[in-house]
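Chain naming follows the written order as A, B, C and D, and within any one chain the residues start at number 1.
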């Protein structure tokens, strides 16, 4: 079995974290790795993986312990998710969408402010939601992008919800909607529309739409470079009605979360952290002549390859350390410096995962381009992270630069 | 129509070169670009392209004018081939294999030494060969790699030819054999075996094997990351007999060429030079909202994107200038410095093509990952160049380093 | 003797260029190199070098042949200047200021438009100027920066000249004024003031101010990181009067030159091109145990060092090829692409010279930090190029990015 | 006052660490920063700083609490030393040599194995040593390099000690001996010579030589690029006698320490960690127009500069996180992975400190080259770290590459 990405001793993991990671790794090697090529080839959703995840309890990883889940906190989840990503990027990335629906409604919301009554209502609603996951094995997704500036966090989502007879009527369109057609519930971020008023980010709602609801349609093709198993087609909502209890968070809470708990946007990174590790894993195995599916030819004695491996390892250790530090700092009301560090970590993981894979291909050579080996898939998958909203590589750079030079309220 | 990669005025092209490039570009836009996605998707050989190339005369580009060809010299060919690569990497790369069979037997051989009689024989044999191309439209390939050190140029090819009744009997195996199953003739590099003697690089032969010859087999799957249209499966030769006239070069000449005309190994670069240009072409069109198949949304006003484009352009201009200089210096008996420059150019083109594509994906964002647009294919294709023997990126670095620090005959 | 930076055969130099470079290299090795440490240590002007340059004719390199000079054109000058820079950056950089005063008034102006009478006047004035150089050995400087946006070329110079009794009255201040206190004439770029009107770049004048003229003062300290021998202190002009014949160019001509002959701003690069070459020269000599002043210890056999040298060489060849291409394209009315290439070349030379020196220090190790060897000076000198106006590394990037994405007149 | 390099909350510092860092920072700003330019200009030892450090107790930072010191452990010391380095690299680097003599004899030795009697003797000897520091204010240095392979850790030190009448007779030569002529005791690493036997690393001794001892000579000039205040001249020992009690560690212990406590070789990094932070500090202050000694001109609004700052910050956060992780893992018998991480951290800090400074100069522009501002000194100082033995940047890469691909005892 592979070593842990984060050595429990060196990184001082809690026993819970160490155990969770060990199990995630075991699951990854046993279940995810052997099937990863299939979802990629077919651009199909990893249905079989989700059956195993459901059976073995992984869908409830972040559901609070008192509600029947495993109660993993942000860091524990991220560490386990990185181990998933190491063996199958597409599964880790879709699983993340699902887990976020429990993380946001659970741990995050517990850290935020609301009045007693609101909290009681929220608790009862999320119990319903958790029940669907734990009892019925429901899978949630989290369509986010709309093709405009909303996913970048600067304007309100254009998908709207209007109050309508004890519920909401939803209209709009989400693009790159991972799990489209495969999730049991779509956790939609949309804006509550108050008559003719301009949409406001403060009115963001987070609503669970059951997949069969009339008016929900999955559209468009799906044939991308990488992360093909995510099946991120377009989701269209035309006069889709959901009852009030579909609210996964009370009104106003998403806006509060986005402002006060910004590490919530880092949850795409564990997948890529895992891919980065997988890249070095593969390279070492391959150069040692130990990669299954290849002849036992050693290539490790060439200085050019040794130096390439060293440069890869330096890059990987930088990535690991910064990412670990950032996920360790997650929590409500982080300092400005901690937020900048989270952005730097996001940028680092996404760019370095791609850079590592590119270097691995160059170092391992021609054989590694073939689809019989996992490296070329990792190469394609890893290039996608930098492009994912709301914290694309470019937006991270923009914000780090500006916020490093301006204090709140300053302008020239 | 796109502008020339190398502006005729700025780079002082000859009228022949300027005209050839203009026609190559026109052909690329008209014929190659519209079909490029198909060969990639199917991993199929660009048969239709070769029909058009045959009809329009491109198969004879380097056949000497007095033999009925267009008489392009090394640089003229490279410039035209770069324009092909810009529109379809796989076609340019396979075409290169074909053209080399005429370039090596033509221009290169004319620069090398042989006695009168040998030259006369060579001339008559190559006339046959040229005839097949010009009259019958024959396509030649050039299987090279064998999975060992031979393709790197340090030991003799393991594929052997033994003299046998007025001809040769060939045995061996070539891997990554582009055009396998599609070329009319395989131009095989093999070593003449003299009884029990150890194989010597000096005895390299270059033999044309007709595709239907008994004992020739195409084996293995072909499902790689990029350059999928090259169909580079394995070629196996079991007691394959060819007559003496199959010799594309006289005995000893390939060895002489490899030593005295090293730029011959640069012919894989034009394809990647073209891909590098295509990457910037796409990025500019995309950010200007002018890429066919995308909505007319302008993204060019973001400083982060402007700076990325600037960095890409700087890298492209470095690549273009060094490559142009190196192909301009091609010829017999180059100085040591010129050879090191050729290696530096090879390294630069291969690595920078990949780096540019990676940056373009990051800069253009999520849409550019979809297979409806050419960028993701360019991203995959461009990663392959560094891995191609005999001048892989690593071998270039090894040799530049050593030869910069040691003069001929020095050791420590 | 060192080999030519640009091999005459490989780069197809004219016999004049080849001879000029050979002589520049000989001069550099014999005269410049032995004294380079002195000017650096003392931050003093290389007076002795200028005496030798004067005696051997180097001050008139770009004065047209029919006026008594050597008649080097733009590229020939740049190639020779690179050889100077290889041996003493500060001398090459100050010499460039002097040579520009002859290049702009000579070759450049000949390429531009003016009416017959104006040209006749200009010719008689520049004859005077050339006479001072060739007969009296006068050295010219070219103070440029003012600390605002003028040197970047976007607004008019703040130093003003007002017509006053058959001449001009100059007021203003130049910073980083190389040769301050040492040039015989300051070739001042300033703006002609018309009453109360706003200063306009179209009214830029180029006036030769003799060093002893009343009102001229040299101010400020000079203790910088690198290029210490340039003595670039502040120059202050308080009611300095010069006669009309001080005009080195007719009114309006500088503006025309800056618009139509943009390669004129590349003349700072030869110095850094030479430094880049010097860095690799040193590294190879040092690792071979052949650097004078060090024990004959060979360090060339370590793979890490061989690879570092290879990476340096690749970078140097990229730099050389792009720079050579750009200086070969210099001339009136270049295409937009040629201008972008010139900016890319400028950026490349400046950044790569610094990067190469940094890598050389790392590769050669501790000894190379000592002032007894030239590398640490080259490391300091080479960092300065990116900062020099008008084409700083940042401004090059800004402009390449914008102009790649916008055609003339476009806006969003 | 500047913010802590490592935010106590974000990095979960202990109260002792947080307090120590705060005091180090206060000392750095008050005492070290104002004088830093002086030592650099004069290449003189920071005598005045050492007087203040002595008075305020900094010389005993790592002396165990029960022996009268502050009892800082490895990480606590490193964090404080980084704050020193932020304000004066040369002081931090020389202080490190001194502190190591207490860290190695204290904390490290306590972690290692020796028999009771040996430990008792060691305790009594080190008490003497600590007494000199705490009572007499003695400063220790630690000459290491000898110009051969010994400092890289692969062969025995060539400086020898022969048992001689109740003590040792030392002969040899150390180069780059920081504090030469200024330390009160030189903590010499040398090899005990047993008759004619070949020197063995197992016989390394660590002896304290009082500066006035007959036979000790300081030789050579000292005029380097950076870290000029370290006064690292050559130290020569000719028949220098010291008594047995000069042993700072029992025989064999240094060898044990080097094998079992490899993080001991990371103590040069805090200085450079501090310099890296200082580079970003300066850049932000400068671009905000708040750097003392410069006019209040804001340059922060340029996108090119914002992006450069963002890239610097990403690099700094990577560096901080990896370094913090590595110094947190210091201790006896680390896992192989932890050692590779320490080497990666060393490489990262040294290379990134230099890269950050180079980028800062480019971003801040011409003014920042002047010696009136600290940046150009930081630029020079920071380039030195990669060259320092035993863990130079190159040796880190060599070892990471090899050890990643080979398990103990493997060979090909």
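By our rule, contacts are C-beta pairs under 8 Å (C-beta built on N, C-alpha and C of every residue); 3 or more make two chains touch, one makes a residue touch a chain.
Keep in mind that this is a model prediction, so the values were computed, not measured.
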| item | value |
| --- | --- |
| Which of B-D and A-B has more C-beta pairs touching across its chains | A-B |
| Longest centre-to-centre distance from chain C, chain (CA-based) | A |
| CA centroid of chain A to CA centroid of chain B, Å | 41 |
| Inter-centroid spacing, chain D versus chain B (mean Cα positions, whole Å) | 53 |
| Sites on chain D at which at least two other chains make contact | 303-308, 397-398 |
| Chain D - residues contacting chain C, complex | 145, 176, 221, 223-226, 302, 304-305, 308, 351, 354-355, 358, 361-363, 365-366, 369-372, 376, 379-380, 383-384, 386-389, 392-394, 397-398 |
| In the complex with chain B, residue positions of chain C that touch it | 3, 7, 9-12, 284, 287-288, 298, 300-301, 303, 305-311, 313-314, 317-319, 321-322, 324-326, 328-329, 334-335, 337-338, 340-341, 344-345, 347-348, 396-402, 404-406, 412 |
| Chain B residues touching chain D - in the complex, by the definition given at the top | 303-304, 306-307 |
